[in-house]
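In what follows, a structure is listed as structure tokens, so that the remarks can point back to it.
Each chain carries a letter (A, B, C and D) given by its place in the written order, and its residues are counted from 1.
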Amino acid sequence: MPKPPHNWGRWGSDDQQGALNHLTPAAVLAALGAAREGRVHSLAMPIRGATSGPAPTTVPHLAGRPLPQHFMSIDGGDYAAGVRAAGARIADDALVLSPHGTTTHMDALCHMWAGEELYNGHPAARVRSYGATRLGIEHAAARGVLARGVLLDAAAHRGVTHLRATDRIGANELAAICARDGTDPGPGDVVVIRTGWPRVWTEDPAIYGSGQPGLAADAGRWLAERDVVMVAMDNAAIQGLGADGRSSEDADDDLHLTLLWRSGIHLAEMLWLDGLAEALAEVRRSDFLFIAVPLPIEGGTGSPINPLAVL
Amino acid sequence: MPKPPHNWGRWGSDDQQGALNHLTPAAVLAALGAAREGRVHSLAMPIRGATSGPAPTTVPHLAGRPLPQHFMSIDGGDYAAGVRAAGARIADDALVLSPHGTTTHMDALCHMWAGEELYNGHPAARVRSYGATRLGIEHAAARGVLARGVLLDAAAHRGVTHLRATDRIGANELAAICARDGTDPGPGDVVVIRTGWPRVWTEDPAIYGSGQPGLAADAGRWLAERDVVMVAMDNAAIQGLGADGRSSEDADDDLHLTLLWRSGIHLAEMLWLDGLAEALAEVRRSDFLFIAVPLPIEGGTGSPINPLAVL
Amino acid sequence: MPKPPHNWGRWGSDDQQGALNHLTPAAVLAALGAAREGRVHSLAMPIRGATSGPAPTTVPHLAGRPLPQHFMSIDGGDYAAGVRAAGARIADDALVLSPHGTTTHMDALCHMWAGEELYNGHPAARVRSYGATRLGIEHAAARGVLARGVLLDAAAHRGVTHLRATDRIGANELAAICARDGTDPGPGDVVVIRTGWPRVWTEDPAIYGSGQPGLAADAGRWLAERDVVMVAMDNAAIQGLGADGRSSEDADDDLHLTLLWRSGIHLAEMLWLDGLAEALAEVRRSDFLFIAVPLPIEGGTGSPINPLAVL
Amino acid sequence: MPKPPHNWGRWGSDDQQGALNHLTPAAVLAALGAAREGRVHSLAMPIRGATSGPAPTTVPHLAGRPLPQHFMSIDGGDYAAGVRAAGARIADDALVLSPHGTTTHMDALCHMWAGEELYNGHPAARVRSYGATRLGIEHAAARGVLARGVLLDAAAHRGVTHLRATDRIGANELAAICARDGTDPGPGDVVVIRTGWPRVWTEDPAIYGSGQPGLAADAGRWLAERDVVMVAMDNAAIQGLGADGRSSEDADDDLHLTLLWRSGIHLAEMLWLDGLAEALAEVRRSDFLFIAVPLPIEGGTGSPINPLAVL
């Protein structure tokens, strides 16, 4: 039987916001104040639909996932080919997207659970094939995430470009990074953790999926105890993945269960953090304004996001 | 031959940002300062995929457009039905989306043009069926839009719940609203204009598509002259639409051409503004922090967005 | 409690073919012999993806269903616009399709049921969100449907272009049509029934969905008793639909339950039968070679089909 | 400059059927007569949508192509989870498909060309981003393909399970197989050629895409000279592919250009032929009734098909 829930009932038995409840107006104002210079960095990987030729996919993703597809329904070529239009000409398109494992995205609280109940005791049976009728991503979309962001750069801490697939980041390491940087992530903060893992895609895409570095179980509990609002990483699954592409933690240790399910802490994966890490290092800071605005997909298990960091 | 371009070359012949160039770090800091209380409002309509029964679509949209589709690829029902999972259980989904005319979205600068060239002289032939290789929405996604927002509430100005389908908002009316509110939208601002039109969907969906209120041609030029960064409205096409669902302006007067094409001013449509209008009226303000973060869809003609207003 | 099943166990407790079991090699040869002249007629409605402008959808469909979407991922316009290709040039496309209610399609035996069991007692819980693990359309795709087809033209029988929305075709009427035509549909036959209903789409699309003619409950039982292989019609739901777009039959009388669920008789809807009816009338026949080949969509609840009639 | 066209104008300057013109009523009757026993074999690979876990794709396909996606929009799990339905319960689904390179499919005549004109001189500019307005697959769907099929089993001829990636089948080899089998494919026939290549997917998916066996240029011309209606193979591109996944033939030798473009001969790829080869060998035959019925996708560049062989 998995460990008892950490935050259930804390914000009421009907709550569907989880730790986003920390983002009061005062917290939002304080978050906005974390921006000192006004320099904006996008933390998203590009969304590239598959192409028509045998081109390899050039964006890191988990193997076997349905990849983004992007189609133009009318475009410049049509006019070059003879379509006539009085006045304005138009380009229009469509996107097919399964965000988990394929692009920078945010998990809804309904994304993972154990047993018969979702976070805060909502029945798992409420997650239907036409959508999750509880804890869908639209609840996070209602006000987005405007919070103070804190970067914990595990790759820099270890003096490497990127961690190895078998590396796990434990609570002690997170504490050491904080001590080194003089930061202290707490209630209402978004903790952004860098492994550097997307770098390996350019070396060899096959390496990307054959295991991934991630947080160890005690690191998840460490973050939960600090009452953070959200954890965002540049790997695909927060916790590490083995060579088979699967996690090995049991229900007590699974990071998604510790954070999403027990604590109502939202997660974001597959961020691109190298630019941010460099920019923060230049000004010897590790905190910034973090902005993530999921789409209000009713009943969604997550949303693609383009998170911004404002220094 | 359409009128000569307004902002072409202003930020260099290769520029693909248009008026977003106004959003310097200083402008971003000033924008963040427009938030006084930290109260956040989402300005997006929900994204609801079609359902399996004969349920009517409950979100306003232009008739004939490909509507959002949302599918769960695994959900709670699977576990209720007997799927076994050691440890964590998971819900996963997919989204099919053609944002123009179906949901709250932002237009890229490649979305509309006249003749053979896009904004700033980029060849229209660069808009290919696998994406726009110039002026795609990823350029706006690079830093999103963090700007001071100014609400011009045309419906409140006229003392009505919503404008009529045949109503057009002219430059004089925008000026009058500004005078009444004591606002002065200028360089780097996002002008948000309310018609109240989405309200009619609940009265009768058929009315929604049989014409729409919008800006008159001179209002577009008035906004362009003020060097705004972006224009966002709660109608579907910025300009009005006739009973046939089409615009009647010629190339000189078309609002998309005036703003996107000539001036490099981004557009957003199908916002939900009623909640924001009410909140601003309560505190007798009309300006706020406006946040819009499109997805980095490479070569995209637009992106769904969940714009936020922070008061 | 719905009536006890008609064909459960008839072909073994594991059977997933239902009445398709009638299509032995001998039956297939006999079916091929039903073609006398070699004239081929397609019985499918066109598949038209939504377009980019405000064009109305021109193919009959049930309101609220997710309509077909068709996108070119590379096309002639790209080459006109300057894409260079040594040698061959290529056009490529994608299709998004939810066949039920939107196009000519065949229902799998898993498509509908009552209670906890599908046809032949297979557990309904086997129909998962990643597909139906029992009775998916791939079972019908294994050998397709090559059978003798018999047209029962209810519209011609009533001397009308098309039935009215409230019309229901009962067993007596089917028997009368057979007597008039000198046909006797029996084991292994596919019965094709014409209402003429698609004609109303061109008169007024709004009429198409505000009720539909169809079979009455006793007609379903009449067909089941004759051991037919499949029933194919030009309406959207076999049974009639009320003004609200829903069926009014209870579980005992529901035609899908009578045919698919109790009898393992496959169904096809939204055929186009006017051309076939005319061709058969010219040669004073009502039987032909019927060919329907669903796609092997594993776990599918149905498939788009392009049924052929060979006279 | 590519070689002059072979069949242009042969069936009139407006013709969009190409060699399908051979399938007269008499030819169709003769084709039906090729079925002796009534045993039906499907020649299609299964269509499996991607799943939610890290499952590998289990159906051969060309790397980098957008793979099939299959989603249930309502299923048995919903009812197990508590959805109530008076009477009938329903399962419904959606399919996203880019057929070329991902599933058993048929190419339309608009799929490939050289220069500015499609087969029979139709302007390539007519292939628009909303569909091909000439030579779309709907022309083949009008009557499908009911023809005598002839299997030329190159793998059996060479005494191997499957050809090697670098193997090319030349005209001499086709002639030798015919001589050995006592067959003589001619006008109106569908030639089905087996390489055995899909077998390698089970050995190692990586091998499948690193080159493929196929027809040599002179084999294409040999088939065109015999006036066949269609060529169907179990490889992905008719001609061979190099280790880079691309063809190496120039415009004069490209098999798609020889067959589709010059001769109006339709193509089908990614068939599964092992079962058919075995069944034919057992009865010492090589001809059968061949049935291929593409979907009437207006303006489509191809269609998924479930080809049948009836012995």
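Rule of thumb we're sticking to: a contact is a pair of C-beta atoms (placed from the backbone, for glycine too) under 8 Å apart; a residue touches a chain by one contact, two chains touch by 3 or more.
Here is each chain with its UniProt name: A, B, C, D = Cyclase.
Every value quoted in this text rests on a predicted model; they were computed, and no experiment measured them.
The interface in A-D, B-C or C-D that matches A-B, meaning over half of the contact pairs are the same by residue number, belongs to C-D. Where chain B (Cyclase) touches chain C (Cyclase), over half of the residue numbers in use are shared by the two copies, so each contributes mostly the same positions.
If each chain is reduced to the centroid of its CA atoms, chain B (Cyclase) and chain C (Cyclase) end up 42 Å from each other.
In whole angstrom, the spacing between the mean C-alpha positions of chain A (Cyclase) and chain C (Cyclase) is 44. Within chain C (Cyclase), residues 49-52, 66, 69, 71-82, 90, 92, 94, 96, 98, 123-130 each touch two or more of the remaining chains. Of all the residues in chain D (Cyclase), the ones that touch chain B (Cyclase) in their complex are 49-52, 69, 71-82, 90, 92, 94, 96, 129. Interface residues of chain D (Cyclase), counted against chain C (Cyclase) in their complex, comprise 23-29, 32, 35, 37-42, 44-49, 51-52, 66, 70-73, 75-77, 79-80, 86-100, 110-115, 123-132, 138, 141-144, 146, 247, 249-251, 254, 256-257, 261, 289, 291, 293-302, 304-306, 308, 310.
By the touch rule above, chain D (Cyclase) contacts chain A (Cyclase) in their complex via residues 49-51, 53-57, 62-67, 69, 72-75, 77-78, 80-83, 96, 98, 124-130, 209, 244-246.
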